[in-house]
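Naming follows writing order (A, B and C), and every chain is counted from residue 1.
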Amino acid sequence: FLFHKCFCASTGMACLSCLLEYGTVKIIVIRNKAVGSVFRLIQFLIILYVIGYVCVVRKSYQVKDSVISTVTTKVKGTGFTNISGLGAHVWDVADYNIPPEGESSFFVLTNMIITPNQMQSSCPELPDQSTICMSDSDCTEGSSDVRGNGIQTGLCVNYSETVKTCEVLSWCPLEIDTDLPENPLLAAAENFTVLIKNTVTYPKFNFHKRNILPDVNSSYLKQCEFNRITDPHCPIFRLKDMVAEAEEDFQTMATRGGVLGILIDWSCDLDFPEHYCGPKYSFCRMDNKNPENNVAPGYNFRFAKYYKTTDDVETRTLIKSYGIRFDVIVFGTAGKFNIVPTIVNVGAALTILGLVSPVKSAVLGLGV
Amino acid sequence: FLFHKCFCASTGMACLSCLLEYGTVKIIVIRNKAVGSVFRLIQFLIILYVIGYVCVVRKSYQVKDSVISTVTTKVKGTGFTNISGLGAHVWDVADYNIPPEGESSFFVLTNMIITPNQMQSSCPELPDQSTICMSDSDCTEGSSDVRGNGIQTGLCVNYSETVKTCEVLSWCPLEIDTDLPENPLLAAAENFTVLIKNTVTYPKFNFHKRNILPDVNSSYLKQCEFNRITDPHCPIFRLKDMVAEAEEDFQTMATRGGVLGILIDWSCDLDFPEHYCGPKYSFCRMDNKNPENNVAPGYNFRFAKYYKTTDDVETRTLIKSYGIRFDVIVFGTAGKFNIVPTIVNVGAALTILGLVSPVKSAVLGLGV
Amino acid sequence: FLFHKCFCASTGMACLSCLLEYGTVKIIVIRNKAVGSVFRLIQFLIILYVIGYVCVVRKSYQVKDSVISTVTTKVKGTGFTNISGLGAHVWDVADYNIPPEGESSFFVLTNMIITPNQMQSSCPELPDQSTICMSDSDCTEGSSDVRGNGIQTGLCVNYSETVKTCEVLSWCPLEIDTDLPENPLLAAAENFTVLIKNTVTYPKFNFHKRNILPDVNSSYLKQCEFNRITDPHCPIFRLKDMVAEAEEDFQTMATRGGVLGILIDWSCDLDFPEHYCGPKYSFCRMDNKNPENNVAPGYNFRFAKYYKTTDDVETRTLIKSYGIRFDVIVFGTAGKFNIVPTIVNVGAALTILGLVSPVKSAVLGLGV
């Protein structure tokens, strides 16, 4: 309307004067307690929403930033096994932590099937519907089943006194992985501890902090252990405690392996002093949680240690290793007061307040 | 205006009565079909926007959550090579999967350059503009080129009958990596399969699910293989199929190596029953896709197996391994109806509807 | 108000005619230069906000997408050490890069404590408050301290001529990690280089690009080295330069280890031609930056190389390796013009403009 008037007016001073005109609506004030109460109630609800939801819950007056994080871990502890074929063996971190370092996860070996002294040679396949044979004609030279253990030589040989299977070229003797120990061999792993060093950065606020808080000194760090009540700031965790916090049993989980999430929450309100911003730890099992859907449970992988015999033949020890992979997941958002989102959100809130006017008119229209 | 009146009024009951007053604008109803039509059209477009875009496309009435995911993988299959120097060799998962486990990626070795029996000693450098020499004075004792293979001894020795190069202290004999096999040595890798176990969590909705769906049983899992049409829920993938889905040729990719992304999309609308929420798989090549920009193609890295000879000297087999790294990338957002975003978005939409009034006034102003 | 009228009216043509009615407010134009100026100033500020903040700073007219990225790295360089017990030794990438490949990080060994020829046997524990003993009764057979090195045999034996400690079953001899070399053994690592290959995808815009830009050719790539001024597009970085850019000293950091972040920013405005979209590199130290909070500094881990002696006994060389882990962190958001967010944001801005009317009324109310 005003624009229209301005376009009609001549340019120059006449237009300037026109720009400084204003139009306003004629307002009639009517005293009606019922409509007035509804009107005030709506205004009250909107102000409540602005203060309660926008300011308190969402903190919309703040600029947000996402965490950038670095994690390093160090496991401590030794275990002892006495497996037939391997003999008495003490396991330390270089033995059970495979691979020796990960970006933000570490693996602790708890159970295993060891097949020592494998060599490249030929041996009968493990008996199976597709590998049991009566004569050489049942076997195909050069064929290789993706679920098998090697390349068939075309011969049918004795697997045991009663069963004949196709012979394969492979690392022999083959691994027999059907008799997994029912109790984890490295049951002592439940008492291993891990030191988690986590440094976070909120680049927008130039905020840096470690999970080893400033009030933690060397001597405390040498003997402390995380406990939600007595030692909530100690960054050293006993494996058993973490698994227990996730409401799992360590020995059960250790038998077939699994994945445990170590969640570190760095959500912070940086309008408060820096020392209120600290890590909050929680733990949960990350792999299958649904007992009804229990196909292919656990976590395991195979690795080998390679040796050479004196006559230069390569041998290896194959280890099918079951264990717990601990994934450290760092997350969080920090917020800090900033004028721009404050203006934007107060503006939006005022807009909604402005809305009450038409609503009021409608109410009035209905009421008259 | 109202505030002003309230401030002027005396406090107490007088003010309360003032609070319950209301001002309203005097509205004149004019019948003008042209302006009325435009007004209704604008209202219609806004309602269309609210329903179509805000509700259907963006689902703004929902609370959203991002996926937290855990991935474990297990590769199966055996390959056979017959390389001069190494002899007939069967490769199983412990041999070709390096390192044995990753957080959410796995590597399958497909091609390689093997340099066996390296020892710490001295040997002539590979011939190159900077290493070819005429006499000892061309070589500098102790110098080490970042692109070279060792520390120069200061001597100039015969590399071949015609060429002399500076001698270096290094793992000798040096690797000659210029003649990479044109066909991948482990071509059989295309028939290897991988079982991907992926568990996702939407913490806000306490929603947990695996990619091994509840209707998958053990016997199906033992023999199934992912196929987009016949077996879309089988979590076992043939490597060749995944590469083909990414519109690449396995043998070509296997020769020089590469990175393949396995993308699992868990985007879900949790207002629908849980069984509608499932994984959607897609595959794409992640490294260089631009044939015109083909500098430094492929993917390879070096690793070594260390041995000790009977007289306690360390030797190693250096393997420059080319292969495909499969990165499993899990993403997705879930939404579920919640009253708070519904109110906020309906409020915002009403605000825009309220806008039509001034626009209408302007239109009227222009029209008169 | 209008709805109310419509509901009262009879259906059919009567209602249609009612839909095409419109109500408008009676507007009185008053010439008041003071109030008019304030009104225009507010309008000006809002338009400034819309253009300046919404359009220029936030680019709210664009659809956004987050980067999907793949990183591969390759380190080059050789170092030389002469440690007592190990002798002269040249280190190449297969030796110092552990594990041989990571998803988006790599580790360079710079300092170490080597304990060769460890065997499973028994030996006296390292002296400590809890391990020093007077007689066998001070030691408990089978007990294992989480901070100790093995399983106690129950015997108290001579550690040195003056000190007796409990005997443990372990990999013996035990590692003595108190005398870390003050200067990094692999000081030459500062001149190692790393080629970082990074391919990014913005799936919404079907945009793919590598950090090896199209104008980089093979011969340039063979000899170039990143320099912020002279070679800003070369993807080969000298380790020392990266550490220097993070304002750290390489030799200091190398002694006790650390974590260095290589940040690649791919934020792009895809309304501009594609070649303006390129990687921006920055570097910062990711682990502890706070010299006052210096508990448990650095980065190290243990790994072992396993051998078998001629009489089939397993031995190992334990390496406590200190070094720098380089984490490649790729981030960025791309935006491109799209009609939907443009409409939404222009709508919101107009809404705020519409707000000026009530504000003006209030101002007028106060002013009269």
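Everything below uses one rule, namely that a contact is a pair of C-beta atoms (placed from the backbone, for glycine too) under 8 Å apart; a residue touches a chain by one contact, two chains touch by 3 or more.
Being a predicted model, the structure only gives us computed values, none of them experimental.
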item: Copy pair chain A, chain C: interface residue numbering same or different (half cut); value: different
item: C-alpha-based rotation, chain B on chain C, 0 to 180 degrees, nearest 5; value: 120
item: Chain A and chain C: spacing of chain centres that average the CA atoms, whole Å; value: 16
item: Junction residues of chain C, two or more chains touched; value: 1, 5, 25-27, 99, 102-103, 307, 310, 348, 351, 354, 357, 361, 364
item: In the complex with chain C, residue positions of chain B that touch it; value: 1-5, 25-33, 35-37, 39-40, 49, 53, 98-99, 102-105, 107, 120, 144, 146-151, 169-171, 259, 261, 284, 286-290, 292-293, 295-296, 299-304, 306-308, 310, 316, 318, 325, 327, 329, 348, 351-352, 354-355, 358, 360-361, 364-365
item: Residue ranges of chain B in contact with chain A within the complex; value: 1, 5, 17, 19-27, 68, 70, 72, 74, 76-80, 87-90, 92-95, 97, 99-103, 188, 191-193, 195, 197, 199, 201, 208, 210, 212-214, 216-218, 221-222, 305, 307, 309-310, 315, 340, 343-344, 347-348, 350-351, 354, 357, 361-362, 364-366
